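You will see two complexes here that share chain A, one where it goes with chain B and one where it goes with chain C.
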Partner chain A sequence: MKNIFPLIFTVVNLLIIPLLLTGVIRKVKALMQNRIGAPVLQPFYDVAKFLSKSETISKNTSWVFTAAPIIGLSVAFLAGALFPWSGSFLPGKFAAASNIFLLIYLLALGKFFSMLAAMDTGSAFGGLGASREATISMMVEPIVITGLGALCLNAGTPNLQSAFAGNINPIIAGLTGTALIIASLAELSRIPVDDPTTHLELTMVHEAMILENSGRNLALIEYTTAIRSCIFYGLTTQVFFHMLPFTHSMNPILQYAAGIAGVLLFGCAVAFAEGILVKLKWRNVPNFLTFGTVLSLLAALIAVTQR
Partner chain B sequence: MNLSQIDFLAAAAAATAVMMCGITGIQTQFRFLALQTALFSGICLLEGFSSHGQHMAQFIILAAVVLIVKAAGIPLFLMWAANKMSIIRDKGNTASPPVTLIMAFGAIAAGYFLIPQFAVYSAGNPVSAGMAVALLFIGMIFMVTRRLAISQVTGFLIIENGIFLYGLTQAKGMPHLVEMAVVFEALIAVLIAGLVILRINRNFEHIDVTQMRGLRH
Partner chain C sequence: MSLFNQFNEVNEAGFWILTAFVLWMVVFATGLINKKHTGYFFPAVTITGCLALIAGILFSGKSTVNILVPLPFFLGEAGFDFTIDPLSKWFLAIIAITGIPITLFAPGYLHHLRNRTFPGFIWAGFSMLLLSMCGVVMSSNAIAFIVFWEMMALSSFSLVASDNEQRETRRASFIYLGATRIGTGFLMAGFLWAHSITGSWSFSAWGITGAAAIGPSILILIGLATKAGCWPFHLWLPIAHPAAPAPVSAIMSGVMIKTAIYTITRLFITGSHIEFKWLGIVLIVFGAISAFWGVIFALLQHDLKRLLAYHSVENIGIILMGLGVSATGAANNIPLLTQMGLAAALFHTLNHAIFKSLLFLGAGVIDARTHLRDIEKMGGLIHKMPWTAAAFTAGSAAICALPPLNGFASEWILYQSFFKLALNGPTAATRLTGVFLMAVLALIGALAIACFVKAVSVAFLGLPRTDNARRAREGTPQMTAAQVFLAVLCVVSGLGVPVLLNPLSQITAMTGTGSMIGNIWTIPVGILTIILLTTVAAIAIWMKKLSMKNPVKSYITWECGFGDLSPKTQYTATSFAQPISSIFGNIYRYALEVTTHGRQSRHFPETVEAETRYEAYLETKLYEPFLNWIKKFSGILLMKLQAGSIHQYLIYMAIALIILIRIGVVK
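Then we have the complex of A and B:
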């Protein structure tokens, strides 16, 4: 009976929460702009609609273009199932699978294939978007690796699951959490770095890459993006929870509920920020991301000196 | 190693100095400067508590003076001056803000690892000594890499904060009258520098230090 909960939580995490998060973000964003907005469940209908539509594929593409969304989604599923982003923990024998380097490489693998697919179409915008996405992820990865590495060094284990189950220095948690907010805004193409709803191809980053996708492909890509958002927001929320002393001694169900509430609230905060902030100039993005790098480095410095 | 509360506040102040190196908005820089200095008045109070009430009144007066003069007065004056000259951003001169950020982080790491080697151990708080020296380095980096003359004043104030921190945490038994005099000295220095920069701005219509070399001719 005790082992059934993590299973149920994982299924809910992968099937319901990601698209719900997308819906909540869009709803809050609409409310910020004085619109009523689409219903919260609209992303589910969208994915269902895209899945039933036929797709248009350019004659110039190779197998990479059709395979990339499938690879991306399977990798995202794997990462979403293995990593404790929702506050629910898998049984102990899976703990070793939540290694931080596995997380980094899984996310990078999915991203690599989406960039390949963008370049495979041979369209100018695809190449432009892929090049920008590669530049951003080059600057985001040090933030994530250093920040989560500092966390794991402090907890004395490379597994996120064991690290989150134990005690973490609140200062390190605060610094890493703030760095992860900056990293997630850039990695998930949210507003200070990229505008996810823009219609101008020249300013797009992520949207330019998926311009050529339609039908089933597009549905898979939307779903992948939703799961990736959940992983990033969830990990950030869990890191911030370690600043509060009482949260990791709670009942597992309560802990899971708190984790999911945290993810959804994080989404609301992101949507709120999108309502009041403007997009950075492309040249200023490295400047913004360096703050994240330095916060991670400070966390790492504290982690190294406290050993 | 366990950080005492004083060390923690000193490290937080050094971290605000690092963040200042990456910020280009002049007004935001002054807000961070105010925050950094307010942390020092917190350190004053903690020092007072750790002296077991011996000189509590002196420490409270020093903390109040630091809070009013250095954390509120000086940043407000600089904000007024920046407004009057209608300058908004300082994008850096020799090194761009991201590079400066990384350099400032290097200064903190150097301060942390090197300074306890030759700090006065008997005084305690070796981390604070390291952070004080890191603040000196960061202030110098800030002065060298910024373009506007008003940023030189900000850099000077960071250096001043470092010296103040060292005096406060390492030199036990130093008369607080001296510390207080230093605070007012900094106020006068900033007032004079600010007014001179205002005059320069009025006469030459810019305060760009890279072009000031040409002013001799």
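Then we have the complex of A and C:
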């Protein structure tokens, strides 16, 4: 009976929250631009619509192009279920798997195939997007490993579930959380690194990669992106919760509710920021991400001196 | 013990290993006699040798086997005396299981070199290389070790030089020969020094500690670093590997350079025959630099084999980082850390042997079928060679450490050991080193992904860029089988970590504190893989079902309305790597120059030329001036010494004889 809640929460996490988050972000963004915007549930309708349409595939492609979105979504499902981004924890054997190093490489697995698929069509758009995606993830992965690594060092275990279940130095949590915000903006192609609403030459990261995808294929990719957003925003939220001493010793259901509320609020904050910020020049992106690297290194420095 | 140790005292394990040696000697001899033979005799006997080796490993069980080869095989100061303990067995297993698919692959590949090389000669060199590598990892005294080390160097040199029609190959083989001379020179000097301290040639009698260990350690480590291709002694590696035939590159990059890893482990870590105070920090620093250096230079390469060679530098660096953590653990008395670092390093050695030989074989199929090594001229090969493409993609995913493949398994254990170092290191500086290593490995991992996405997608995906690529076809069934075998091994050794931890824990127990690594692997990788595959299958079936209703339409790639796309408009490898290369541009003075020609060239250019350049400072600023100086100096010296006068030569001989008598060599 005790284990039933985490299972229900996991199903909700994977099936409802991701697209809801996308809807909330779009709604807030529309409000920021003085538009009424589409309903919050619009992404659900969109995905359903894409699934019911036929798909057009370039004749240059191979099996990689068809397989990549499927692999990407499966990996996202697995990562979304394993890692404690919502404040709910999977029990038993899966608890052992919520390891920070597995997290990074599992997400990289999805990215590897999505970059291959982008190159598969022979389109220069896809190439440009894939190349920039590779560059961004080269800068993001050290931030995430160092930041979450610092946090786990403070907790004394590389397992995220156990780390989140215990006490963490609030300063480290604050630094890591801020570093993760920067990392997640870049990783999820949001402003100021990439603009998720266009695929024009000026932006050209994620949307350029998926230019050739349509119909069912696109539905899978949109869904994958939504789950990945949830994982990053959720982990960041959980890290910030550890700045407040009471949040991680609550009743599990309350804790879950707080976690989800945090993810959605984070989405609102991202949308708000997108309303007031402009995209950085591509050349300035490394400088922006350097802030993240410095913050996570500071967190690591504090973590190693504290032990 | 008498040297007349009878063969009948040697147990079954020794018998099988000696059988392997004899079979390879047979191939060596017949290969040299019958140079033009192309049948199945050579591969069949070589593979039988590998199987005999595996039988020997299996028969030996957990015991340590000692073999003393009887007279007349004797080396003056010491005999051919072999010890086969768990560490040797681990490396023997690596040699055997990569040797089999490479041998299977070779006939198909050698066929396309039929007018340029003698197959018998290559088989002779190849079997001698296998034999000498086995000898290196079994030798228990320094003299036998050096003998096999030299056989290994010379046989691999003859293999690199076997296809020597092109000037570039001849140059590469001389550079390689030079590098092996320098490496062996340092190693011999180190061994002699160690001998003069301990008075023994046998490794197990060495127990050099304290300040006395510094000199021999540095010499031996330089010698080994040259063989391993560790920065800054890696220069020969990206030159020699592309020049060699593909099966040779596979065995050299996959296995041969690992003999140096074996020797470091044997001398410094498991046996503590030499205790070098700064070993940990030296290995960590040089490992980290090698790993980073290898991968950023790999990103700049378009030659597929050279790219893979630079990744060998990277992976040697990763392995050395693991050994460095292990040594740090030993120095600070944290046995679990010692064992984790060692296990990660040795496991990665096995895994790298598997996926790197797989990738070199893939490059070999492309080379044999299209005569291309430059990936900018390939493209679309996945349609023509689907098996090679799939195997190469699997190998790339493994080298990028993507779960659930084997690269992930070993890098995960390595990450755990870094974390352990960051958690339990004695000083804040050591702990910070642990964090730093995690960040470096993450950076290297992401760079490797960028590099292999580049390699796979430019070579195999998209449209063919040249006629050669358009006319490609799949390799022979044996070539495909070899690649599939290695790809399956990538999966098996990724999923079978708990099983592989058994032999590894026997090795780590040699560090003296009993094995502790039994339960370091905590990821239920089997279940997770099953879940992942089930999800993939479910979504795929669902997609299939949906496509019954709304079929997939096939259309051209979006070309912005310009008309049919030419393959030239595809993204190139250079452009793919450009953003990352320019970020690290200061390390190798990366420059991109675009010039436009024609009237009104600003808005309506007739031709556009883009050129990227880089300069490796280590080569141009350090090695080149140094080598030029040596060349000049030795030229002058040679002229003076070799004046052509018989009297002068007689004086040399007299002086040499006096010196030899004086230092007591000739009695």
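The criterion applied here is as follows: the second predicted complex is superposed on the first by the 302 of 307 C-alpha atoms of A that agree within 3 Å, B and C clash if a C-alpha of one lies under 4 Å from a C-alpha of the other, contacts with A are read in each partner's own complex, and residues count from 1 in each chain.
Going forward, a residue touches a chain if its C-beta (ideal position, glycine included) is under 8 Å from a C-beta of that chain, and two chains touch if they have at least 3 such contacts.
Model, not experiment: these values are computed from the prediction.
K.L.:
Looking at A:Ala134 after the superposition, I want to know if it touches chain B, chain C, both of them or none. Which is it: first, second, both, neither?
P.N.:
So A:Ala134 only meets chain C here.
K.L.:
Report the partner of chain A that touches more of its residues: chain B or chain C.
P.N.:
The larger set of chain A residues in touch belongs to C.
K.L.:
Based on the superposed arrangement, let me know which partner A:Ser54 touches: chain B (first), chain C (second), both, or neither?
P.N.:
After superposition on chain A, A:Ser54 lies in contact with chain C alone.
K.L.:
Quick one: classify A:Asn99 as touching chain B (first), chain C (second), both or neither.
P.N.:
Second partner only.
K.L.:
Of the two partner chains, chain B (first) and chain C (second), which one does A:Asn287 touch, if any: first, second, both, or neither?
P.N.:
Only chain B; A:Asn287 stays clear of chain C.
K.L.:
Looking at the overlay, what does A:Leu301 touch: chain B (first), chain C (second), both, or neither?
P.N.:
After superposing on A, A:Leu301 lies in contact with both chain B and chain C.
K.L.:
Output check: A:Ile8 vs chain B and chain C. Expected answer is one of first, second, both, neither. What do you get?
P.N.:
It touches nothing on chain B or chain C.
K.L.:
Report for A:Leu41: first if it touches chain B alone, second if chain C alone, otherwise both or neither.
P.N.:
A:Leu41: touches no partner chain.
K.L.:
Where on chain A do the contacts with chain B and the contacts with chain C coincide?
P.N.:
286, 297, 301, 305
K.L.:
Could you pull out which chain A residues touch chain C in their complex?
P.N.:
Within the complex, chain A touches chain C at residues 51-60, 62-64, 66-67, 70-71, 73-75, 77-78, 82, 93-94, 96-97, 99, 101-102, 104-106, 108-109, 111-112, 115-116, 119-128, 130-132, 134-135, 137-142, 144-146, 149-150, 152-153, 156, 158-159, 211-212, 215-216, 220, 282, 286, 297, 300-301, 303-305, 307.
K.L.:
Along chain A, where are the residues that touch chain B in the complex?
P.N.:
Its residues touching chain B are 171, 286-287, 290-291, 293-294, 297-298, 301, 305-306.
K.L.:
If we count contacts the way the header does, which residues on chain B are in touch with chain A in the complex?
P.N.:
Against chain A, the touching part of chain B is residues 1, 8, 15, 18-19, 22, 24, 96-98, 101-102, 104-105, 108-109, 112.
K.L.:
Taking the complex as given, what residues does chain C use to touch chain A?
P.N.:
Per the touch definition, chain C meets chain A at residues 379-380, 382-383, 389, 393, 397, 400-403, 408, 411-412, 415-416, 419, 422-423, 425, 428, 431-432, 434-435, 438-443, 445-447, 449-450, 452-454, 456-458, 461-463, 522-524, 527-528, 531-532, 535-536, 539-540, 543, 546-547, 550-559, 565, 567, 569-571, 575-580, 583.
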